[in-house]
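Across the two complexes that follow, subunit A remains constant while its partner is subunit B and subsequently subunit C.
On to the complex of A and B.
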C-alpha cells in the first residue's frame, strides 16, 4: 500500500516527538518555578538568621577578653562589615559552587566536617522513609481491602495513635524495651556500613523506627482513603464486570489511581524526618548532622549552622522534586492544572 | 461549640485531660512537696512514701520537679500558640484583602516555611538568638505560624466571597450580626481545631528543645529536661523515663482528642451526629436489624 505524503508537511512521528519535547520542557519549567522560590527564600532565611543573631567569631577565636580593635579586625577578615546583601550573594554563590564556608570554631571547611555525619543522618532518615513506605502501604492496603471490618478499625486506631507519638518519646521507650530490658539491640552509637551490614543495621534500626511512626501513619491513612474512593469509581466496577482478575484490577486500576496522595505526603514528611533527626540523634548518641547543628548553634558557630540549614533546604527541595517527577510519571493528570 | 464538643466521649476525655494539665501548669509549683532544685535524699531512689516518684541523679524529688516543670512546659506551649496565631492569622487575613502582590509573596513565604525542616530551624533560631525561653517560644511560634495563615486565609476567602453574607448585608443585617451569625459560626471550628493541634505540636516541640537542653539553663525543671536526665541513668532506673513520657503524652493526647471532638460536632455532619445521640438518649430510636439487599446468582432485578 502506497503512503501518500505531502511535501513539506512534518510526518506524524516527528510531530509526536515535538509534542513530547514540549511537554517535557513544560514539566521541567513548572518544577523549577515551584522550587526555585523555596530554595531562594529558604537560603535567605538561613542567612538572615545568622545576620540578625549579631554573633561574631571573636568569642570562639579570641576568647572573652579580646580588645575591641582585635574583634573589629577579625570581623573585617571574615567580611562581616560588608553590606548585608553583598554578604548574602557572596555566600549564596559559594554555596551553589559547593563551598559551604569555614567553621568559626576550628577554621575547617564545614563541608569536610559534615561529610561523615550526613551519611549517618541520611541512613537513619532513609531507613525511616523505607519503613514508612513499606508498612504504610501494607497497612493502608490492608485496611482498604477489609474495609469496615475489625482489620480496618484496628489500622485506623493504630495509625491515629502512633501519629501522635513524638519521635523522642518513641525513642526512649524503644531503648527501654529493646536495649535496657531485653538486651537485644545496642542503645546508642553508630557503626559504619563498611564494618558489616548487621552491626550497622542493629545500630540504625531503633532510631529509624522511632522516626518512622508518623510517616507510617500518614501513608497508611492517605492510601486507605485513596483506595476506598478509587474502588467506588465506575472504571473499577467496569474492569471487574469485564472479568479481569482481582490482582490486575488492584494494581492497574485501583492502586495507580489511589496512590498519589500517599506519595505526595512523603514529600511533606521528609522535612519532618530530617528535623526529627536532631532529637533522635541526641537520644541514640549518633554523631550525625543534627547533633552537629545543635552543637554549632549552642556554640554560636554561625557559618556551620548556616551550612547545615542550607544543606537541609537543598535536600528537601531535591527530594520534593523527585517526588514530583514520580507523581507526574505515575499520574499524568497530576502534571496538569496548578 | 465548646458545649457541643463535650457531648461526645472524646471531648469529655479531652476536657478532663486538659483540665488536669492546665491545673498542674498553674498550681503545680505550689503543690510541689519539696523544693525542685535542692537535694532532699539519696540519689536515684525508686518510688517510696517520702518521695512518691523517687529521686533523680542528684537526689532531687522527681514529683516536685515534674510539678515545678509543668508551668514552663505547658505555658510555654500556650505562648507558642498565641505567637503563632498572631504572626500567622494577620497576614493570612491580609493576603485576601491587600491585593495580588502581597498575596503572591506571602504564599511563597508560607510554602517555604512549610518545607523547612522544622526542628533543625527551631534549634538553630533559639540557640543563635540567645538561647533563652523567650527566644525558643518566638522561634517555634514563628515556625508554626503557617497553620494559622492558612486557616485565616481560607476562612476569609470563604466568607468574603460567599453569597449568603452578601444576602444578609443586603437585607439590612448589621455588621455585628453578620460577624456573629455567619463569620464566627463558620470560622470558630477550624480555628479551634488549628489551635488545639498547634498546642499539641507546641508541647512536643518545647519538650524536644528542653530535652536537648536548648532554651533553658540547667537547674530549671522542665518535662523534656527531666526525660533527658532519666535517659542518662536508664540502666539504674529503667522505669524512671516513663514518668515524663506518660505526662507529655497525656497532654498531647488531650489536645488531639479535643481537636477530634470539635471536628466531629461541627458542620452539618456534626449536627446530625449530635441529633442522633440526643434521640438515642431520649429513647426515641429503635434500631432496625441490619437489612441485606442483594441479588442471588441467576436472580433477576426488578
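On to the complex of A and C.
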C-alpha cells in the first residue's frame, strides 16, 4: 500500500477519505468474493448429497407396499424426475427467498419446523460462545500477565485438560453433579425465553457449559500466545517510554494487537459449536436443531436434512463474515491490499 | 542528569554487563555515546529510562534526574517521569508505533493522558507538533497508519510523540541508523533545531562517530561495558588518549568518503 502522494492538491483530507472509502469498499468486496463462493459450494454439495442419496418420499408417505406407478407419480409431484441442475437452481432460488421446502415426513414447511428448534440450539451455542469469550479471555490474560509463574502453568494445564474432554462426557458429569446430586439445576428439557429469563437460563446453562470447554481452552491459549508476543513488541516499549501507565499500555496497545488469533479461533469454533449441539442436545433432551437433523436423517426426509445443512452453512458464513469485519477493524494493517 | 558509577548485571546467567559508567548531561547540552554493538550503550539508556529487560538489573550506582534519584522510584513515579521529563526515540521508528492505531491518535493519546488536554485541544496540538517536525502534510499524516509512511517520516512522527508532553531530556538511541544518509542529516538537523527551540538536552547514541561528532558537545566512548574515553568532542577527536578511540577515528579516515574523494582527485590529477 503506497502512501497517498498528491502534489499540490488542494484538499488532501478529502482525498484521504476517498482513499479510505476505496479501501473499505475493497475490504467488503474481498469478503464477499470469499464468502459467496463458499455459500454456493456449500449449498451445491448439500443438494448434491441429497440427490445422490437416491431417496424419495415414497416410504414416508405411501408406506412400504406402494405400487411402482404410485411411487413414480409421487416423484413427479415432488419434481424429482426433472434434471439435476434444474432442481438445484429451483431449490437455491427458494432457499434465497426464505423457502426451505416441505418436509417429506409431514408435508409441513421446513422453515416453520426449524424455526423453534434453531432458537434452542442457537441459545446453547450462543451462550457457549459467550462463556468461551469471557473465560477464555480471562484465563488467557491471566496466564500472559503472570507468564512463567504457577498461574501460567495452572492455566496451561487447565486448558489442555478441558480441551480433551468431549462435550458428551462433560454433559453427563454436569447432569450428575448439578442436577442429580446437588439439585441445583434441571437435568434436561428446555423452557423458552418467553417464560422468563431464569427458567430459560437454568435449562440452557449446563449444555452451554458442556459445549464451551473446547472454546474456552482454545481462546485462552491463543490469547496467551498473542499477548506474550505482543508484549515484546517495540510499540509496547514505545508506549511505555512516552509515559503511559501499565493499564493503558495493556488495554490500548498490547491487547488490541494480541487479540486477532483468539477472535479468528471463535470463527473456527462456531461450526464446531453447532455440530457439537447434536450430541449435547440428545444428552440434555433438547429438541433442537441437532435433534431435528438426526431425526430427519434417520427418516430419510431429504428436504429437512438439506434445509438443516444449508441453514448451518448460512449461519457459519455470516458468523465468519462478522469475525472478519471485526478483525479488519481491530488491525487495519492486516486488511491492506497488496 | 547525572549518572554515577552505573553497573548493570544480568541475573541469569550471572554476569556484569556494564561496569561503572559515569557521565553528566548539562541542561541544554548534547552528549554523544559511541560504541560498537554490545558495548552497553543501549543498556545504559534503558537503565536511565527505567526499562531494563527482565533478568537485567541495576546493581550499583545512581541515576539522578533533576536532583531526584531514580533508584527509589515506584511505578507511578516512573510513569510521571517518562514523557514529562525524559523521553526517547529508537532505531526502526515504525516498530515503535502501534500498527493498528492512526498516527495522529497516538500523539493525541500522549497529550490527553500526560497533559490532560481535551480531544479538540489535543488534535490541534498534534497537528502543530506534526508540522513542527517538518512533516509536509500534518492533516494527512494524522489519519495514516504506520505502514503507510517511510522511515524518515515515521522517525519524525515518533519524535513528535516523544516531545509532545514537553520533556527536558531526549535520548536518541541509534535514531538515525537505518535511515539513508540524506534523511539521517535531516533528522539530526531536526533534533538540533528542537534542542534550541524547546530547550531540550540530548543524548545521542550511535555506533557512528560521524553522527555524534556533528552535533554533540561531549562524547563518551564505550567498549565492553566500560567507558574508554569521555570528554569534549573536539578534544576527543583531535587528541584521543585511548587506543580504541584512535582506531575508530583512523578507520573513519581510512574508509571515510573524504578520503575516497581525495584519492580520486589525486588520480585525476
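In the analysis below, the second predicted complex is superposed on the first by the 324 of 338 C-alpha atoms of A that agree within 3 Å, B and C clash if a C-alpha of one lies under 4 Å from a C-alpha of the other, contacts with A are read in each partner's own complex, and residues count from 1 in each chain.
Simple rule for what comes next: contacts are C-beta pairs under 8 Å (C-beta built on N, C-alpha and C of every residue); 3 or more make two chains touch, one makes a residue touch a chain.
Treat the numbers as computed from the prediction; the structure is a model and nothing was measured.
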### Query
So, A:176: does it touch subunit B (first), subunit C (second), both, or neither?
first
### Query
Can A:69 be said to touch subunit B (first), subunit C (second), both, or neither?
neither
### Message
A:14 in the overlay: touching subunit B, subunit C, both, or neither? Say first, second, both or neither.
### Response
neither
### Query
First (subunit B), second (subunit C), both or neither: which does A:164 touch?
first
### Task
Of the two partners subunit B and subunit C, indicate the one touching more residues belonging to subunit A.
B
### Message
Which partner chains sit in contact with A:252 here, subunit B, subunit C, both or neither? Use first/second/both/neither.
### Response
second
### Query
Is A:97 in contact with subunit B, with subunit C, with both, or with neither (first, second, both, neither)?
neither
### Task
Have a look at where A:290 lands relative to subunit B and subunit C in the superposition and call it first, second, both or neither.
first
## Note on the structure
Touching subunit B in the complex, subunit A uses residues 37-38, 41-42, 45, 49-50, 52-53, 55, 164-166, 168-169, 172-173, 175-176, 180-181, 187, 268, 271-272, 274-279, 282-283, 290, 293-294, 297-298, 300, 302, 305, 308-309, 312-313, 316-317, 320
#### Entry: subunit C partner contacts - residues on subunit A that touch it in the complex
1-4, 12-13, 16, 20, 233-235, 237-246, 248, 252-253, 256-257, 330-333, 336
### Summary
Note: in the complex, subunit B contacts subunit A through residues 108-109, 111-112, 114-129, 131, 200, 204, 207-208, 211-212, 214, 227-228, 231, 234-235, 238-239, 241-242, 245, 248-249, 252-253, 256
#### Entry: Contacting residues of subunit C [partner subunit A, same complex]
49, 51, 75-76, 79-84, 87-88, 90, 92, 95-101, 109-110, 113-114, 137, 139-140, 143-150, 158, 161-162, 164-165
